[in-house]
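Should a chain be cited, it is by its letter among A, B, C, D and E, assigned in written order, with residues numbered from 1 in that chain.
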Amino acid sequence: MNQVELLFYGGLLIVIIGLLGVISRKNLLSILMFQELSLNGVNLVLVAGSILHHNYHGAILSFITFIVTAAEMAIAILILLLLIKKRKTLDVTFYSELKG
Amino acid sequence: MFKFTLGLSLFLPLILLLLPSQKERVVAWVNMGIQLLLLALFFTMLTNSELCEFSFTLSESLGLHYHLLIDEFNKYLILLTALIFPLVTYASIDFIKTEKKLFHLMLALSYLLIVQTFLAQNLLFFYAFWECSIVPMFFIIGIWGGGNRLLATYKFVLFTALGSILMLAAILFLVVANYKISGVFTFELQPLLRLQETLPLSAQRWAFLAFAFAFMIKIPVPPFHTWLPYAHVEAPAPGSMLLAAILLKMGAYGFIKFVLFLFPAVVEEWRLPLMAIFVLGALYGSALAFVQNDIKKIVAYSSIGHMGILMLGLVTPSESAISGAMLSMLGHGLTSAALFYSIGLLYERLHTRDLFHFGELATTMPRFSLLFFLITLSAMAVPPTLGFASEFFIFLGAISYSLKMVITSNHYLFIAVSGAAMLTILLGTLYSLRLVKYLLWGKKSEASLLRAGVRDLNLGECSVFTVLLLFIFVLGIYPQFIIESFKLAIKGLSIS
Amino acid sequence: MLKLHLLFCCLAVASAVVMLLVRHPMKMALALVATMLNLAIVYGLSGAHVLAIGQVLIYVGAVMIFMIYVVMLLDIKDSSLVRPLSRYLFAAVVVLLLIAGISYHQLANTVTTQTLQAITPVGDMLSFRQFSEHFLEEYWLHFELSSVLLLVTTVAAITVLNFKKGTESL
Amino acid sequence: MNIFYALLPENILVLALLLFPMIEVLKLKSKALPLTAFLLATVGALAVLAIHYQQALEVTLFYGHYQVSPNLQAIKFLLTFSLLPILLLREQIFIGHYKYYFLLLALLYGSMVMISSGSFITLFVGLALLSIPLFPLILNGPIQKESSESAIKYIIIDSTLTALFLLGIAFIYFASGKMDLTIISSDNVLYRFGCLLLLLSLFIKLAIVPFHPWSPDVYEGCDNRILYILSVTVKATIVFVLWKIFANTANFLNYPWQAIIITLSIASILVGNLSLIKQTSIKRFFAYSSIAHMGYITLILVVTNVSIETIAIIIFAYFAIYSISMLLCLLPLGNLLASADQLSLLEQFHQRSSTRSSFLSFGLLSLAGIPPFPGFWIKIVIMGYLIKCDYTLVAVIAFLASYIGIYPYFKVMGGQFFGAIKH
Amino acid sequence: MSELFLILFFPLVGFLINGLWGSRLQEKSCALIGCAFPLLSLFLLTYKTAVSDFYGVSILFTWVSFENLTIDFALKLDHLSLLMSFIVLGIGSLIHIYSTKYMHGDQSFARYFSYLNLFLFFMLLLVLANNLLVMFIGWEGVGLASYLLIGFWYKENENASSGAKAFIVNRIGDIGFLLGIFILAFHFQTINFDEINRAASTANASATMINLSALFLFIGACGKSAQLPLHVWLPDAMTGPTPVSALIHAATMVTAGIYMIVRLHPLYMQATAVLPLIAVIGTLTALLGALVATVQSDIKRVLAYSTVSQLGYMFAALGVGAFYPAMLHLFTHAFFKATLFLSAGAIIHALHGEQDIYKMGGLAKKMPWNMVAFLLGSLCLAGVPLTSGFISKEAILMHTYSHSHSYSQTLTILLLITAALTAFYISKTFFLVFLPSKNGSEKPLHAIAFAMSLPVIALAILSIVVGLFHIPAFMENYLNLAKSITIKEEAHILIPALSLSLSAFAIAIAYLITVKQIKIVPKILEQKFYFDHLYEKVLLSTLRAFCKRVLATIFEVKIIEAAIWSMRDLVLFSSRRVTLLTNGQIQWYVLLILMALSLLMVWWFYV
């Protein structure tokens, strides 16, 4: 059990917890948080890869993931704010009129 | 000459499109005029019998050649179409009340598509025009149809589309098989004909099934015929004239060109079941025609009966049977067009199609009853008419083939099948006489809506009937010059 | 060295699990901050200092603050908070356990074999100078692309902000 | 200098992206400026792309992270060119405002980056650039309640998608150590894992069957023009990316891959066509029809015994024809759908305006694949190639599935002429 | 040779003129045209035979030519067809003259004459045909003309249906006829009469083929000449005008079957298996016809059934191979049956349409000429010596007696019984109609025009004359048909004696019955042996029921439509299921993605 293996399985585990969280929680904000969590998990795997192969691609990609996730979360949270203002609730089950 | 006629038929819909939509009569007469001109052009072209061919390669790699050719098989069908369409346009002038311009546009469109389907030698273009000919019919039945026309149109579209989709798969399969063997990716019919030797029989069987299924739906061979009564009952009179006279023939024509030529081995192998299916279908159709109360349904089921016999003629490998089948294509086309036209006339005057609401037409409409009686003669295959000539040849071919089979391989089933086929004549007489009895003779039944003021046919309507009857009787009395031209075509089918 | 790694990885996973169990979003946000910090420490330990700083600055600094800001706006009586668990929880657990099981079963032997033969000391390969040198030398296109991305995000955020139904004042 | 020249189309777009905010900053009030600027930028980009194609410029930049080749330029040309006609739609929502054009440009830029990406990193950034502008565009749909719901749905799906996509890249990187698109080989379990995740995440974007439910909801909420962009531009980029990743690794597509792709695409044709029948809303109708059409084109990925360029040409033709059919369908509708979105709106459409209804019926017929219209010919080509590498049974099933679709298209088209669109 | 076509086409011209412009011309000119054309062709025929024997074949055009079979539209005149055309044209023209007066006042007068001319044209076509196909065209045409004429007064529904019944039963026969043609065409590669006859007698013709074709042609003949199974249409055909029954259902059309068999007699000589069948059916029909005729009350039905039985006689003769006696009987029967029908017509005309013989009586004094004609006709029919009927009947009986076959003796006995029965019912009718009786109606008689009684008398004289001046002997060598039976010596005395005694006895009984007004009507005869019942109730209704219930409902709706609707429901059901997949829950979508992921993983790694 060495360092790279630890990071790899740790990352994978965090991703799985993140996905579980996305589905289990009803609150939109918590869903976003868990997605954030899963992306962190992926970063961990990337860093593990970069350490293993001793080159920078993984690290650089994880750095770019920081930027992209930040961008996405910014807009997502803004829309959440809008929803709170307009619909007064963040419960996912209320956002299911469009169906069939 | 050939290019000019094709060009004209191509631009017919466009010309109509440009005409102003208020002046309906102008549109109608322009449509009819051009169609008559086309009839004349086709007639002159066909009589001087130089092989008209026109091919234009769209894309060499995909083997798409827009290749049109008039050969013996589609020569007379083209003439039939060219003859029927002016009559349909004339009939539609007074039958169609709403959206006249759109109707004439649809007629012109279907004229173009049907002529192209008959001429196309390239399998893919044949399929393309075959499938597209559904669309104008879809609109004709849908917009101007009768009661539950929606059900009828969708049934019609879905049935024919299902058949043609399978045919498309079979076409692609054949083309690629040819590509694998000969390295040439082409949709042309000629190279595919050489495929019969190389393709393994099992593969040929599947392709045969797909093709036969598609054409059987279009011909309506009974298990797949349920769309026809709906389509006919709901279609407006010109629509059902067009449907019965020409669209059913496309199925039979396709069967000759793409099944008999492409898969002779499979047809040879399954000849008996095929004959049995067609004969049973004919019997089934005529039996049902005997018990219907709606006159349009009677004629619809009767055309199933006639087409069954026609197909029997196609499948038997004797020269007289096949030329009989070709003749009966013309015969049935003319008779069913006339029958549906007369029913349209009756419906337009009395707004009823129930058999028992008529009676004593002989006195109120003497001219109509005379012409109607002559047409039912041809439907019943009474001698001087074309109906008799074609059925005589078909049965001659069928019986002599089955007798040959009895002698050579004492295979008795063929005799049973062709014997049963003869019963259709009896059934034909039964339902035609029943139709004539309730329509023309007898006293005005109390349920009859026959008001005194029913006007007899005017000159125009009579001329439509006389043109059709002229062809029926002339061809009935002298079918030789048509059979002469089939002789060398049938050699191609290399049969005894 | 390995034991420290192990400690902080377990801490990160533990706080992730805590996030799952806790009810109130504020507690969840704090647990998330904890996991992120632990991860930053792990990055630091394994030599990727830039990533550790990035993690702390971008994630914890910017995104989490924004989230906590939104959490404050939530009213507590919201139905999604009273009964937070959705009805697909059980199914999700089953599916994810299945995925975890399969991936572990399949990956176990390949990952270990691969990592064993490549254990070399990391050294300062991922240190600040080396990393930024490489980043800007080989990946400057992506640097530009992410700047374009940020520009687009700002404009997108503005469009979302003054979103009023059907008016021109976008 | 040749880097700048090679990247000229993208650079023109970036320049426009930079200039657009200046309109707000300088408070320029003129209405036509944003549109003209947008057109200038796109036409300029198109011109440069055409020149590149002429010169057959072939260069890989940035250590392989960015490729430029005639094929790719042609694809970019198609994408930008197919975007222009949609601007004809004069819908009153946020039309003419610079942000709308800014976001369109950003979207275009993202797709160009994805098309000419050489490595996974550029691909990832391109994907981000492609999806982020879409959030506000979807949000500004006709009915505020529905569009906000579809926006949030799109965001959640999109972030899970990026998570899975990244996980895929991570696994491949972990196994190979290189971020190159072309080095995938399926002997190692990690590769398989990574490629599976990659394929699935891109299929989510394409709305292939098991991942399709989000697209009808999003299409229903958003605006007509965004519906067109979502179904044509975005999906075209994704399919080309799939083609880049999976087509050139010939040995890669052994047994399980082809089976997975075939089952998914046949399922999506079936589901797409089946659910068309019961539809009452026009936008959902187009959503399901786009699902079915994606089903067709993914089948082409399975064809192996043909050169990669031919597959690219087929995909190119497919999306050209698909965009034409969608335009034929959407343009006649115009602002009809602004308020309500019911199919029943189309009844008697012919009586109201015969020319527009005939265009709509041409579009519907070519979507259904009725012969003389383009939709049919491209299907023939695909099925032909499928049968060529003897997937005959698959082709027949695909035909039957497309047959099911004929009824709904005819029903809608007929409805305009006959009146009641009922089943 | 072109005169032959002229003779043929004159009636057709008459038909066209009357048919198209008949309604505009008034009655007199229609009658003129109607009679002129048959007379014209009759004169042309007699002129030609007198001047130069223009026998032989004349071809108009080749109808169709396949490589192994060519059929051409050709006419052939030889002794046999000359004789038949004389009968057709002679009796035809007389009946035309008769019906000018009979139909006087009927408002569709022109239509009647056009139909009659059409009938003559088709009959001539049938008679003068050179090959089976032209004969078949005539055959069907004659059926068509009879359909039109039977249903002439189409106002009443049952006239039309009896016309339809006649045409349908004929069609059943025609199917058999067609089959016969096809077998011959297949086997001999030709359907010209003389070629067939020549080929049949050669050795290589296979016996089964000859027998089969002979059988099917016989079925056709049965249909047309109303033999046992297919005789039901003849009695119902009486609803048409009486001259029509006289022409069609007595003299010409019904004899077509016999003429066809005589035309192909070399073929039938070879068909050893079929001849006994023909003989048996002929005798049975004769017996049945006579039996039923005895109980008929309507005068025209009596004559109709007597025609059926006389035709049975002719077929019996053909069955035993006596072709010449059959032709002779046909020849004589045509004349005296026409006389009987025309006089019956005159009687009905006089009594304002009264047809029931029990209501007539005492007409002897009122209509003397008619009485004489009817008397002469009935004498011939009964077979009283030195009348033509006697000669031809005796010839047939002698041949059946001396036919060297086991059953021929029983046949002769049955035929003798029928002869007796014929004598009985014809004399009964005569006595009932003409002898003074109380139930006769006193209403003033409708005046009988001279034009009506002239043909009656002419025919009566002809029917007597034909028998007397050894015309039969002259005809025998004129027709020179194949003879295969040598008359036994004792037959010359035995047969005439037996038949004379029986018929005298029958006439006596008939006289007794009419005087005593005894009216016994056995049930089975009443119902005409339940044949009508068989056709109407059993065959037709079961067919209609079968089609309506089994085919139309069960098969069409239950099986095919149900299959289609179930497919439609399947599609709709699956489309509902599929749209349920999108239930709006965003978490359900993410779950779906993960589930798909897990499934693909399982498939990927473990399958």
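Here, contacts are C-beta pairs under 8 Å (C-beta built on N, C-alpha and C of every residue); 3 or more make two chains touch, one makes a residue touch a chain.
Quantities reported herein were computed from a predicted structural model and do not represent experimental measurements.
Asker: By that same contact rule, can you tell me which chains touch chain A and chain B alike?
Answerer: Chains in contact with chain A as well as chain B: D, E.
Asker: To get from chain B to chain D along touching chains, fewest steps?
Answerer: Step count on the best path from chain B to chain D: 1.
Asker: Which two chains are joined by the greatest number of C-beta pairs in contact?
Answerer: Greatest count of contact pairs is found between chains A-C.
Asker: Which chain would you call central, comparing Cα centres to the global Cα centre?
Answerer: Taking the mean of C-alpha atoms per chain, the most central one is B.
Asker: Mind checking the centre-to-centre distance between chain B and chain C? Centres are C-alpha means, answer in whole Å.
Answerer: Using C-alpha averages as centres, the distance is 71 Å.
Asker: Can you work out the whole-Å distance between the CA centroids of chain A and chain C?
Answerer: Computed value for the inter-centroid distance: 6 Å.
Asker: Would you kindly tell me how far, in whole Å, the mean C-alpha position of chain E lies from that of chain A?
Answerer: 98
Asker: Counting in whole Å, what is the centre-to-centre distance of chain D and chain E, each centre being its mean C-alpha position?
Answerer: 80
Asker: Quick check: what residues of chain A touch more than one other chain, meaning two or more?
Answerer: 8, 18-19, 22-23, 28, 31-32, 50, 52-53, 60, 64, 68-69, 71, 75, 79-80, 82, 92-93, 95-100
Asker: Could you check chain E for residues that touch two or more other chains and list them?
Answerer: Correct list: 579, 582-588, 590-591, 594-595, 597, 601, 605.
Asker: Residues of chain C that touch two or more other chains: which are they?
Answerer: 86, 88, 91-92, 96, 99, 103, 106, 111, 114, 138-139, 142, 146, 149, 152-153, 156, 160, 163
Asker: Kindly provide every pair of chains that touch.
Answerer: Inter-chain contacts occur between A-C, A-D, A-E, B-D, B-E, C-D, C-E, D-E.
Asker: Chain C touches which residues of chain E in the complex?
Answerer: Of all residues in chain E, those touching chain C are 585, 587-588, 591, 594-595, 597-598, 601-602, 605.
Asker: Quick one: which bits of chain C touch chain D in the complex? Just the residue numbers, please.
Answerer: 103, 106-107, 110-111, 114, 138-142, 145-146, 148-149, 151-153, 155-156, 158-160, 163, 165-166, 168, 170
Asker: Sort out for me which residues of chain D touch chain A in the complex.
Answerer: 119-121, 124-125, 128, 131-132, 135-136, 139, 144-146, 148-153, 155-156, 158-160, 162-163, 166-167, 169-171, 173-174, 177-179, 216-217, 220-221, 278, 284
Asker: Taking the complex as given, what residues does chain E use to touch chain A?
Answerer: 579-580, 582-587, 590-591, 594
Asker: Which residues of chain A touch chain D in their complex?
Answerer: For this pair, the touching residues of chain A are 8, 11, 15, 18-19, 22, 28, 31-32, 35, 38-39, 42, 45-46, 48-50, 52-53, 55, 57-58, 60-61, 64-65, 68-69, 71-72, 75-76, 79-80, 82-83, 86-87, 95-100.
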